[in-house]
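Shared between the two complexes below is chain A, which pairs with chain B and chain C, respectively.
Up next is the complex of A and B:
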């Protein structure tokens, strides 16, 4: 028994392909990113000069960098303050209807399996000032055309709406699964005690699904820090850098203007900020929501 | 009163459904209109006369067939390779008797799930240049295979752990080696988890944009998302044709979704919770 399952050669053959790929594409890049972030390397030349923390100082002194950080923060705030309440409300609604439950679930989930690039193109069309759906609908109410993606004041919110349109349904399905997993007896007992639908939702269902809401928030934060393709496809960071997020800021410098070392220092900052936000969230908020057993 | 109470949730939900589905209808309607003026004058409904010229032009101009097959082959090949490698590692870690090394390997792989992978774009770009495979499909296949490994290992290992140990005892007594045990017993039993992991990996690869955009420059190598953005940039004054292009690129996903929706929803949500 043990002989067959203790064959060192077989063990190595089975572990090595995946493990080598993992080291090459996760661990090694983290170290090179950190290493290169202290250089002024242009990404091509052979001689690499170490310049200490200069790249980080440059980034911290660049107003455009802080603008991109701010846009990442908008992403996070938009998901937590606007999307999360909508997610909870709509999952409660879907959980409590009898008809069309499957239809709602299937339809709201659909945008999340589509390519973000194609969604970006589709919404770029919707936002077109002359032919797009958004202005045509507003036009019905007599609102004058809005230049969604080329107006500095509207571009970021337009992207956030598109992002929410794509991902809200995904989280609704996750929360819905958690609601449907709650034993029916709890709701029934509350109903017999005379609790209204609203009381049952706020006093029973929502407290019980707090763990999954916490997961949704964590995933939204992770998603917000990673966001790049939607911005690249819809506005390329413009107009005038007003929709840049950290990832697109990094790409602009590293790939388009050959400041590889500087780009890597932004990558390290994305990394550090993500860890800080995650840890802060875990310590300040997530720990307080106790695990509930039923 | 009761009837009203039952209808109100449906009103809100139908409104939400409209917000999700109407953009697709808008694009579908626009794709059978002759030109931008046609869209501007009648934005909401079907046009008086339906034309399919846009579909023919989009197919030719956007080279959608090329992009489509590039995406399909890169997506399927990468997903299969990561499942093979991940399944091998998961088997070795969960079923073979090397508990200490296995625990270390598994913990390291778990760590990989915490790394925000698009901040690794630049170092990976550097690796690809060193290997001299930029602007070939290998430059996408390698990172796609690698990126999917942590998640695939976690799901497959969880599934393999739940298989009863008696199965392999019986198989070993009947004379199977560990490689035979893997190929003949464990893999067939793991098929449900493999299907889930395949769907997630494939969708991820099919939709991936950043690497595909920066690692390839030849037009005929492009994947569907990058090709569509290029098409939009080249023909962005002809919205009717662009709509036909959008329809071409969302239709395959919609068809797959219509057939496999339960499996996809289950797989994608399971993956993200564990991630």
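Up next is the complex of A and C:
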């Protein structure tokens, strides 16, 4: 067997099927999208005209495009600055719970297995200006009704909260697994030395789970860059494009308008922006937190 | 020995998996080739050939609400199959949005749409027709004497050639709470000024004058479109694409300013930018709002006790009134959804015959009246008003018939006359107006810029 595996031909035989699938379902579509992004193709015509970088110039000169980029940045910032700390806090709390740990895990994980359409409808009720739970609670404190999804000042934050609610549980389960994998002796030794619960969490647990937190941040960034479904379900990018992200901008201004060349250029930009941000994150932050030594 | 055997087994497994994949591919090709051969044979011996052949009709009559329309289609299919020897019609049901936005587009991009398919006239059919993917049915309509029998074929007409036929028609106007009008001694308005006063009185009474839900911009644009057709004339919309008229015309600004005035006066429910289409109807059903601009198709909601509850029989309909008393009533009257046919049908005389027979059976006075009676959809074909009135004694339908009879000038909806990207800019603009983000002049300036870009791209 070892002899056989030294033969490059055998390697090729094993690799080729996967490589062919990778080429067909990843490399080829990416190449096609990049190629189409330099055209004015309407998605139907056999005659495809190459127009150089015109689609990219159009996007860069469109204020609505930059507004959608800004909304993607809000998604990232909300994920990294609010959602991730909450994930860590809840994970620490659940990890230290003595009873019903399984119940808590299941409860927080539940939203992530629900379809986005269901979540959109559910939160649509919560945000309803007349009878929604959000305004009912605010009403108790004498706050006048907020038009969560109709007011451009509130629509984006409403979506961000809903999106965070949907995915927080998924990441909590990941972080929780990392916390539970830390050898018990470390915590016990610290406790014997007189470390408080807060000290144990900040000095022992969090440093040891930094690699998984780093993965959570990476996944959050990637998720934030390709966000579309939750926006479509809740506001359709409205009111007046105020909640458009790059993906919904692409649908609104390109796909529904038979501007597939332009749509592909936006898709390429999403791809490029995502790569830049994740590479920057990897190089500047993530690499420093990769190694753990118990 | 064992290792060699395992390696051999692995290789056999990989090789057989690859061969199995190839084998499946061959199997898939086989019937397609056979079908093609049979089609070609059919084409050569068309006149007396009764060999079996098949065409596919892609329709969107899915779900309970479309059961009457599906029954009509099935009857037409039966008649067509009986009339064409050897013909089998395969019905392919797909959700309307999925068909329009994904499936049909994909098939068009591949150059292989079904022989008959549900299609929207503008901008979809116009684009497919320009790419040579749709059958020019003008000669068929001439032969069947149907060409002049439709209220409008504008959405399906490209350079004087007709590429599809609408299945039904509609007008846009105000549904209103008749009971409330009677209680408050209110009258159907004869001018826009009277409509203004009516709205003011309803608001003063603590009710919402107009139900509206602007999450989807086409809903408020029904009001805007009818307003600008009064202020700037219905013909102005035809000139945007050619550059003869401009969106930022003085009278267009007046029309949008009127819509904005209604928003600013609080004639619509606050927060309506976040409401769905169904919410708008619920405002009328619950009595929260008194009037609602909508297409005549909404009659089915107010005639159905399950949807309208106690409001059944209490809702009426009137056209948006003109600016000055006695001026002609100008109303959006459209027919943008129907069936189109694949250009490939022209290469096969038997399929062409099947399509001709389908058209002959589907677009008859009888079918149009059946659609009106069972579904409340106005006929796409010209129809005697008295004949229409006989299909229903429902008071709401009678109101709609009356509104149709009052129309002085009708026009197709703006989205049948401008490019899709202009529609996108207009949708954005009207939401900005409702949100108080922009002034009418600036909004229309932005749309004009989008129009000029679209016109330049088309050239």
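One rule holds for everything that comes next: the second predicted complex is superposed on the first by the 269 of 294 C-alpha atoms of A that agree within 3 Å, B and C clash if a C-alpha of one lies under 4 Å from a C-alpha of the other, contacts with A are read in each partner's own complex, and residues count from 1 in each chain.
Here is the rule we use: a contact is a pair of C-beta atoms (placed from the backbone, for glycine too) under 8 Å apart; a residue touches a chain by one contact, two chains touch by 3 or more.
Model, not experiment: these values are computed from the prediction.
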Next item on the list: Using the superposition on chain A, decide if chain B and chain C clash or fit.
Entry: clash
Checklist line | Which of chain B and chain C A:239 touches, first, second, both or neither | finding: second
Checklist line | Partner contacting more residues of chain A (chain B vs chain C) | finding: B
Check: Where does A:122 make contact in the superposed view: on chain B (first), on chain C (second), on both, or on neither?
Finding: first
Next item on the list: Return first, second, both or neither, reflecting whether A:110 touches chain B, chain C, both chains, or no partner chain.
Entry: first
Next item on the list: In the overlay, answer first, second, both or neither for which of chain B and chain C A:40 touches.
Entry: second
Note to self: Just checking: does A:17 make contact with chain B only, chain C only, both, or neither of them? Give me first, second, both or neither.
What the structure shows: both
Next item on the list: Would you sort A:155 into first (chain B), second (chain C), both or neither based on which partner it touches?
Entry: second
Check: Which partner does A:144 reach: the first (chain B), the second (chain C), both, or neither?
Finding: neither
Margin query: Touch test for A:61: chain B only (first), chain C only (second), both, or neither?
Written below: neither
Next item on the list: In the superposed model, identify the part of chain B that clashes with chain C, out of 1-9, 217-225 or 253-261.
Entry: 217-225
Check: Which chain A residues lie in the overlap of the chain B contact set and the chain C contact set?
Finding: 1, 4, 10, 13-14, 17, 43, 255
Margin query: List the residues on chain A that touch chain B in their complex, please.
Written below: 1-2, 4-7, 10-11, 13-15, 17-19, 21-22, 24-30, 32-33, 36, 43, 90, 93-94, 96-97, 99-100, 103-118, 120-126, 128, 130-131, 133, 136, 165, 169-170, 173-174, 177, 212, 215, 219, 222, 225-226, 228-229, 232-233, 247, 250-251, 254-255, 260, 263-264, 267-268, 270-271, 274
Margin query: Please output the residues of chain A touching chain C within their complex, sorted ascending.
Written below: 1, 4, 10, 13-14, 17, 40, 42-46, 64, 127, 129, 147-152, 155, 235-236, 238-241, 252-253, 255-259
Item checked: chain A-facing residues of chain C, complex -> 3, 6-7, 11, 14, 17-18, 101, 105, 108-109, 111, 123, 127-128, 131, 133, 214-217, 270-275, 419-421, 423-424, 428, 431-432, 434-435, 437, 457
Checklist line | Contact footprint of chain A on chain B as seen in their complex | finding: 6, 9-10, 12-13, 16-17, 19-24, 26-27, 30, 36, 39-40, 43-44, 85-86, 88-89, 91-93, 95-98, 105, 108-109, 111-112, 115-127, 142-143, 145-147, 149-150, 153, 168-169, 172-173, 176-179, 181-182, 203, 206-207, 209-210, 213-214, 224-226, 228-229, 232, 239, 242-243, 246, 249-250, 253-254, 257, 261, 264-265, 268-269, 272-273, 275
